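There are structures below to look over.
The same subunit A turns up in both complexes below, where it pairs with subunit B and then with subunit C.
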Partner chain A sequence: MSKLYWGGKMEVITRGAVITEPGNSVENKTGTWRVFKPVINYDKCIRCLICWQFCPEPAILRHDDEETKMKTPAPKEALKKLPVVEIDYDYCKGCGICYNECPVKAIDFVKEEK
Partner chain B sequence: MNYEKEEFFAPGHGMCAGCAAPIIVRWVLKLAGPNTIVTNATGCLEVATTAYPRTSWRVPWLHVAFENAAAAAAGVEAAAKAKGEKLNIIAFGGDGGTVDIGLQALSGMVERGHNVLYVLYDNEAYMNTGIQRSGATPWGAWTTTSKVGSANPIGKLRPKKPIGRIIAAHGASYVATANPAFFQDFKKKVQKALSSEGAKFLHVLSSCTTGWRHDPSKTIEVLRLATDTGLFPLWEVVDGDLENMRITYKPKKFKPVEEYLKMQGRFRHLLKNPEYVKKLQDDVNAWWEKYGHHYP
Partner chain C sequence: MKIMIRGNESIAYAFKLARVKVVPAYPITPSTLVPEKISEFIANGEMDAEFVPVESEHSAISAAIGASAHGVRVGTATASQGLALMHEVLFIASGMRLPIVMGIGNRALSAPINIWCDHQDMMSQRDTGWMQFYAESNQEGLDLGIMAFKIAEDERILLPAMVGIDAFVLTHTVEPVELPEQKDVDDFVGEFVPHYVTLDPAKPATLGSFGFPEHYMEFKFGQWIAMERAKKVIDEVFAEFEQKFGRKYSKVSAEFVEDADIILVTMGSMTSTTREFVRKLREQGKKVGLVKITVFRPFPKEELVNVLRNAKVVAVMERNISFGFGGAVYGELAASFAKEVKKPKILDFIVGLGGRDVTFNTLQEVVALAEKAANGKKVEEVNWIDVNKEGVLKAEGLQ
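Right after this comes the complex of A and B.
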């Protein structure tokens, strides 16, 4: 990482502009770009993971732990064996691919209100 | 080992909302796993994922100039070989950095037979610098350097360069076209490419919401139509054997090209004249007439 000198006024860059911290773009909260916001309706979600598969950020998290799988509502009890998806609004840019591709229309696309 | 649940491409990158390139990159990295080194030609992907001092890459990543992603990847591969390390060396390039500017380096890499996977994400113009035409721009597309007006009502006047066939003619060990909308096919091809030895080339169609002019949410829908209309056929060639090219997907019923065109602003002008639409449809029909028998 670069170091800040002169109280942040001057930045000394690393030699060769090398970035030594992998994946540190997580500091950029691209969720502020959003105009429309996808909201998952868990009573309809069949946990097919298509939204997770096509998310370009990735801003759709996949939970494989038993606790989250069981406690999240599902349209059928048997579906609770499958992984659960959750939208990470810190990074979701609101492109709407998940909303468009969801085979059971379990994702609503609503105007962002602040 | 299966790394599908892990992310090697971090969120927070600056790619446009609805861009298909990060979907491609994410999945290529997931399927390759952590034992990977990436070289990246200049383009949207490079500019937007590594704005100093931050990077979205969780694997070693090397930025090179516009033209030499393949040459740098070849060097990395030679070094890994000298050290006796078994790594996945992957080069990513857009259509500008592959089809036009990087073609020479790519040709050399394939000819020398380096064990590298080159992934072309093809958004059919120089989108990063402001939608200029490239060798991969299809006939009839509007770009800022193939403007549409009374003098030229068509847009780009030349067809798309058949880059996959050009690389396959070099004798590359594996060449395929893929489309993320046909996900299982795409995944299978990436896996096949990663597991074969020698120079591999994947031509992946990637829609650009700003350049193709469609709603960001329609990205996958547009890509699906590209193949369902027959405009972007999915095929693979092993060891440069073009005679035995294999088409991996053929729509049961082809959709009319008009459906693909009307979704995108860059083709809007073509719809005003049925002759232009017919020309494109005839081109598609001719392709399938010529190569359709390669579908098993």
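Right after this comes the complex of A and C.
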């Protein structure tokens, strides 16, 4: 068995760099690559899901459960029946596509501070 | 059984006898007959293999990698520009530790375009991590072709290998070749055992993964270790082959060297001419010897130093040139003596590029310069033999 992850530790070195334990890309937290991070402003977000469709990672999560939908702020009460988006910062590489695509400019793109 | 075959056929027979299962290939002079003969074997039902016609050599070696990675014995063949086109993929084959075997019809590179014999094509792939064998005859092409699989697939090695046969001098020349029995080759080479992967959904794996700076160097070190270990494995396989088939191979073979003042170092088919020439000189009482290099990667440093250290002059004759330095064999051979206190004078002779025949006249010129050096006179480090120097100097505006 070998564990070989991008940026992670290599527990066993294999010959030919073969990875015999598949499905390990989740271990690779690509969020560490980010320089700028998108931040959703829920008071402006109209829940159109365009960012969710465009995210190449995909690092924009979609919540369909009633509790999350209701407790998340929205510009209009009627929008609360629609799904809510959330950014998964573990995997968001900060490409800025969501920020670029958002039709109501509800996503800010701010410098990552660590 | 003795058969009369061309050098290309000896590679094709080696693949057939080794029961190669996939042959992706793209035709190029002078090695076209290899895939041609193999497709004939397959069409006649003599060989159970998949022939993959591809659109380029780049694709041929890529398909070879795919097939080898998924657990079958793979062979292919190319030459010259075709091998050069494979260049970037050759690193992938060795980096992924895939024991592919490739026959090369050693041919010159353009420009000017030339389809004839020299070793520039394989020498230019020196650092790709492939083992390199050079055959003197069609028999050697067949034997080395079979042995290459056993060496490459050895659990201690897992590296690809090239077997070079000289363009036309071997590829297209009919020679009598002793064809081993299928059952003997089966016993010798054995079944292909995939190292990591079979096409088994229950055992998935990632091949050709990314290697960050934290990991990359470890894999390269692994390849270095494998190539170093190959030195011993090659000896073992050569010995086992001799025991089973009666033909002797060694990384470096020496003849008439015990008392030799001058030793000629050769590779490939020019060895046969040189052997006859050395015999003739010996009849005249001249103390000249011959050393043939069969394995160029891994480079047999120790063996060469041992066999050459007592000579006065070592004349390296080679069919390649690294512009700005000299021949590749000369450079490596001279470097092998770096830590030795007692060392011979080592001279480089560039001969037979682009299919120019290496004849007794060529060898006479080489030996004359070597004798001059043995007598303490100054001789150039790198010497071009049998060349119209006057014409070139004029063209370069130097005369």
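Side notes on the structure shown:
Everything below uses one rule, namely that the second predicted complex is superposed on the first by the 92 of 114 C-alpha atoms of A that agree within 3 Å, B and C clash if a C-alpha of one lies under 4 Å from a C-alpha of the other, contacts with A are read in each partner's own complex, and residues count from 1 in each chain.
By definition in this document, a contact is a pair of C-beta atoms (placed from the backbone, for glycine too) under 8 Å apart; a residue touches a chain by one contact, two chains touch by 3 or more.
In this text, all values refer to a predicted model and were calculated from it rather than measured experimentally.
Between subunit B and subunit C, B contacts the larger number of subunit A residues. When the two structures are aligned on the shared chain, A:Pro22 is found in touch with subunit B and with subunit C. Looking at the shared chain after the overlay, A:Ile13 reaches both subunit B and subunit C. Contact with subunit B, but none with subunit C, is seen for A:Asp88 once the two complexes are overlaid on the shared chain.
In the superposition on chain A, A:Ala59 contacts subunit B only, with no contact to subunit C. After overlaying the two complexes on the shared chain, residue contacts for A:Thr32 are found with neither subunit B nor subunit C. Common to the subunit B-facing and subunit C-facing surfaces of subunit A are residues 13-14, 17, 19, 22.
Residues 1-2, 13-14, 17, 19, 21-30, 33-34, 53-59, 62, 64, 88, 90-91, 93-97, 99-101, 109 of subunit A touch subunit B in their complex. Here subunit B touches subunit A in the complex through residues 5, 7, 9-23, 26-27, 49-59, 180, 183, 209, 215-221, going by the rule given at the top.
Subunit A contributes residues 4, 6-7, 9-10, 13-20, 22 to its touches with subunit C in the complex.
Subunit C meets subunit A in the complex at residues 95-98, 158, 195-197, 203-212, 214-215, 218-219, 222, 226.
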